[in-house]
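This is the structure I want to talk about, given as structure tokens.
Chain nomenclature is as follows: A, B, C, D, E and F, assigned in order of appearance, with residue numbering initiated at 1 for each chain independently.
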């Protein structure tokens, strides 16, 4: 099958950072599965700090302290 | 492990509503798992009504009737 | 249960295209499960080309070549 | 990009039912996106009735009544 | 729309624990969205400790120390 | 926030392969985000070949030819 790697994290700083993320995650998955890199898809989800919580509090609030 | 709660729903009305959502979902998950609240992450996904369907019709269309 | 179909793809061109997507995916899932269409939810996720990778490269970069 | 369709539903009855599900969801997504079918991936997630809830109650309990 | 809450955590201990999880997450989501409880779905995903990692190590290995 | 990497792929061959997958994906995500590794979670989802399709056909069928 075609593995898919989805990373849910904060907004990214630049397209260069996204480029490296896709490259690095793809290399990792392809090597460990023993698959050709062309079989690996990556999706980056950027979540704003007011839509993510940890320990019951919004990241947006934790940062503001 | 660190449980993650992801809620896929409509756009939210205010940061206060998001704050309460994260608080309430975290409390629920932490109590039921018997975990410290700091181990629980929450992600809120806000889906526009033209990207969600029910019964084969867009929410955006159902509302317009 | 209420099945949910989530489709992760590129940005869509129009609300008409989303309408057809929801209709078609719902019909397919309802018929195969043997469920009433009202039990099927669909979520369309639109991913910008700089947030998706294939073969270790961003879709945004693959298109630019 | 390579769209992925994920369907979260109940356990399926046979491999034939899964075969039809993949076929039907792929046809729908490929036609609406205007993509070749080879670009579409489908993942079927089968959820036991004790792991799914609706209206605050387990599907396993709703069925037992 | 019909919000869906998905919780990804460890294997659960009993159906009673799942029952309470669904009840609690549904109550939280319904109240915060201001929706009828019947509109909320919950999916519990149970992940074995050898399929989850934190800080680069499997939960299965962290526990064994 | 605490990024989560979810990889949806085929069944894995050994716990050693899972160990390496978690290690490699965590290293990649931590370095690119510039985060401490302890902030990164990974979930491996193993999908049986009869639950995944590509080009409208089950992986289970593609392999059998």
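Going forward, contacts are C-beta pairs under 8 Å (C-beta built on N, C-alpha and C of every residue); 3 or more make two chains touch, one makes a residue touch a chain.
Given the structure is predicted, the values throughout are model-derived calculations rather than measurements.
Asks: Among the remaining chains, which ones contact both subunit A and subunit D?
Replies: C, F
Asks: Sort the other chains by how far their Cα centres are from that of subunit B and give me the top one.
Replies: Between subunit B and the rest, the longest centre separation is with F.
Asks: Which listed pair, A-D, E-F or C-D, shares over half of the residue-numbered contact pairs seen at B-E?
Replies: Selected from A-D, E-F or C-D as the counterpart of B-E: C-D.
Asks: Can you compute the centre-to-centre distance for subunit A and subunit E, using the mean CA position of each chain? Integer Å is fine.
Replies: Distance between chain centres, rounded to whole Å: 21 Å.
Asks: Can you give the whole-Å distance between the Cα centres of subunit B and subunit F?
Replies: Chain centroid spacing, subunit B to subunit F, equals 24 Å.
Asks: Among the residues of subunit C, which ones contact at least 2 other chains?
Replies: As it turns out, subunit C has residues touching two or more other chains at 1-2, 4, 8, 21, 25, 27, 41, 47, 52, 54.
Asks: Which two-chain combinations touch?
Replies: Every touching chain pair, ordered by label, is A-B, A-C, A-D, A-F, B-C, B-E, B-F, C-D, C-E, D-E, D-F, E-F.
Asks: Quick one: in the complex, what on subunit E touches subunit B?
Replies: Residues 1-10, 17, 20-21, 24-25, 27-29, 31-33, 47, 49, 52, 54, 59.
Asks: Subunit E touches which residues of subunit C in the complex?
Replies: Interface residues on subunit C, with respect to subunit E: 1-2, 4, 41.
Asks: Using the touch definition up top, name the residues of subunit A that touch subunit B in the complex.
Replies: Against subunit B, subunit A makes touches at 8, 47, 50-58, 60-61.
Asks: Okay, in this complex, where on subunit F does subunit E touch?
Replies: 15, 18-19, 22-23, 25-27, 30, 37-38, 40-46
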